[in-house]
Amino acid sequence: MNIGILLKEGPYNHQAADTAYKFAEAAIKKGHTIDAVFFYNDGVINATKLMDPPQDDRHIADRWKNLCQKHGVQILACVAAAKRRGINDDVLIDCGTITGLGNLTDIAIRNDRLITFGD
Amino acid sequence: MLNTINKSPFANNSFETSSRFFQPGDPILFIEDGVYAVQANNKFSNALRDILKNNPVYALGPDLNARGISEITAGVKSIGYEGFVELVEDHQVNSWL
Amino acid sequence: MEEFEDDEIVKKIMHVMREAPHGTIYTYEGLEMILIMAAYDQDISVAFIDDGVYALKKGQNTEDIEIKGFAKTFGALDGYDVEKLYVDQISLEERGLNEDDLVVDVEVLSSAEIGKLMAEQDLVVHH
Amino acid sequence: MLNTINKSPFANNSFETSSRFFQPGDPILFIEDGVYAVQANNKFSNALRDILKNNPVYALGPDLNARGISEITAGVKSIGYEGFVELVEDHQVNSWL
Amino acid sequence: MEEFEDDEIVKKIMHVMREAPHGTIYTYEGLEMILIMAAYDQDISVAFIDDGVYALKKGQNTEDIEIKGFAKTFGALDGYDVEKLYVDQISLEERGLNEDDLVVDVEVLSSAEIGKLMAEQDLVVHH
Amino acid sequence: MNIGILLKEGPYNHQAADTAYKFAEAAIKKGHTIDAVFFYNDGVINATKLMDPPQDDRHIADRWKNLCQKHGVQILACVAAAKRRGINDDVLIDCGTITGLGNLTDIAIRNDRLITFGD
């Protein structure tokens, strides 16, 4: 099954980013394809490579990068939402892309599911 | 359609509101702070029992454990992230935020 | 599902507004998403539930809080081919509002009726 | 102590909860989405009238205007940001979030 | 107020926990703030209200959600000279909990009693 | 009167940043001193100079910069909260400082008021 994920909150402040990741991991393990994780609203903060959590904590930006590099999951941040919150190509995580809501619409159309995580 | 609820029913009205919209047979899945709704013998237990008459009800086990909830309302099923994926295989998803 | 078919697929997509406007950006950025998805010729509907009905309230003037208002855009959604606007009757009544208080013509439905429409969707997105 | 409330009372329990903690004479100020509490003739009007017996109640005018709320419960006073500052001059602040 | 006096001033600061743990970071980052302020020898108290009481619930195991737990730190606050822990009785009862369910000894008070303590503070911070 | 402000949510997503600013502006107009605005939790996102909102919208990062440059208001972001969310000196607004919670404690001690804005 082909699945898209829409993530509407930033990392650490809300559990949404964690649940979205754990869901994606479990779906891939069961043989499904995660087409894309699309960051919207404060979700775009997930896309910064400057994230630097304590060593003994999970690294949320690295999770997205790994999903992208190892499993071909597109990691996308909405450009309008990103600009409001100071996310641009200078700080974008490797393998991530800043894109438009048209791309989200394509994701909604071409996948069997689009699942929202937020707060 | 799978309905997910992620807010504490004590703090937010998403549980109360969403339950007006459930269709018979729709599975309901409590995740994140939403799982406080299924703690046994709290003030939402009666509302939950009404829902259980027409809908299968699940709660995400990892979220229950994180919050120290060991006793849950009878009829509610604790599932893992794999179980969440299985529900998604069978249903479109309505994530109440 | 192949790429070239994308243009021909029309999905039923319902956007749910359940938050009050202005205190958070969800309603506003939700509206931006609706406008884009509508431009892709999808079958769009919008349901206003709980505090979401306040997004449609007449007389909003955001000048003094210096945040951009958007009630007018909701009022002009039919110009973007978004014509299915559903308002949850209980949500309206609980807030002491009626249809005359809203900036646009809507269909006021029971929660059960909106629930049935939700069940028919390919996608439901909450904002 | 000045109590500020910034959440819609329909969505969140901060209004209901905070009112258990108010001391007689404490001013209450509704800001942001909190101002929906003072809209005339809604389901919180009675609770508000009870509070008004012991506490001065204010709502931030710019937030009322932004939300198109023109009629407010009798006894509630609409003030601007200057009025907010004046309340802070006279009181410590308890911002209920 | 001059700089050199800072060390001598002891302010009464109450931290209010009103959110559930783990779903958001407020309780955890609030705890970090409490620990720092306590190190500055301020007169710190913590009030647990509404879902904030869940921060003290026994048996929390966050391993499977991979988020750092912190119930133990709440249980050890007296080691940081934070000894005034107040729990709102109604909040506890509404959640079907009692003192035995909590990781630490607390003072269970009525809302009115906690309200009086709030009125005595120089500063109240909600997390 | 000397006033500190604690801001717990990021720009645009929550009105808290707007209310905090309008309050600070009004307080200064009435002759009060705003000692500092301290960003905590997602509030640290207020401190990025990469913020680039639509031209016809308010520019929240510039508001903080102006408060700092024109009115001597310290604009501070908590280092631990900032690291989790990808805010560091590379993206910090002019006149802003990344600092610790000890500094917030000092602000709480030396001012007549510390007022929290959040959500």
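Assorted remarks:
The letters A, B, C, D, E and F name the chains in turn, as written, and every chain counts its residues from 1.
Basically, a contact is a pair of C-beta atoms (placed from the backbone, for glycine too) under 8 Å apart; a residue touches a chain by one contact, two chains touch by 3 or more.
Keep in mind it's a predicted model, so treat the numbers as computed, not measured.
For the pair subunit E and subunit F, chains touching both partners: A, D. Here the chain-to-chain distance from subunit A to subunit C, counted in touching steps, is 1.
Homomeric contact subunit A/subunit F is classed as same-residue, with over half of its interface positions used by both copies.
Two chain pairs, C-F and C-D, are compared here, and C-D has more C-beta pairs in contact (counted per touch definition above).
Averaging C-alpha coordinates per chain and comparing to subunit D, the farthest chain turns out to be A. Chain centres were defined as the mean of their Cα atoms; on that basis the chain farthest from subunit C turns out to be E. Measuring from the averaged C-alpha position of subunit D to that of subunit E gives a distance of 25 Å. Centre to centre, using the average C-alpha position, subunit B and subunit E are separated by 28 Å. Subunit F has its Cα centroid 38 Å from the Cα centroid of subunit B.
Taking the mean of the C-alpha atoms as each chain's centre, subunit B and subunit D sit 33 Å apart.
Across the assembly, subunit F contributes 8, 12-13, 15, 19, 22, 41, 80, 116, 118-119 as residues in contact with two or more other chains. Among the residues of subunit E, those touching two or more other chains are numbered 22-25, 50, 65, 67, 123, 126.
Multi-chain contact residues of subunit B (touching two or more other chains) are listed as 6-7, 10-11, 13, 32-33, 62, 80, 92-93, 95, 97. Contact topology of the protein chains: irregular, matching none of line, ring, star or complete.
Pairwise, the chains that touch each other are A-B, A-C, A-E, A-F, B-C, B-D, B-E, C-D, C-F, D-E, D-F, E-F.
By the touch criterion stated above, subunit F contacts subunit A in their complex at residues 10-13, 41-42, 45, 48-54, 61, 80, 83-88, 90-91. On the subunit B side of its complex with subunit E, the touching residues are 6-8, 10-11, 32-33, 36, 39-43, 61-63, 65-68, 70, 80.
Note for the complex: subunit C touches subunit D at residues 19-24, 50-51, 54, 57-65, 67, 69, 71, 94-96. Per the touch definition, subunit C reaches subunit B in the complex via residues 18, 49-50, 90-91, 111-112, 114-116, 118-119, 121-124, 126-127. Every residue of subunit D that touches subunit E in the complex is listed here, in rising order: 1, 13-14, 17, 20-23, 26, 92-97.
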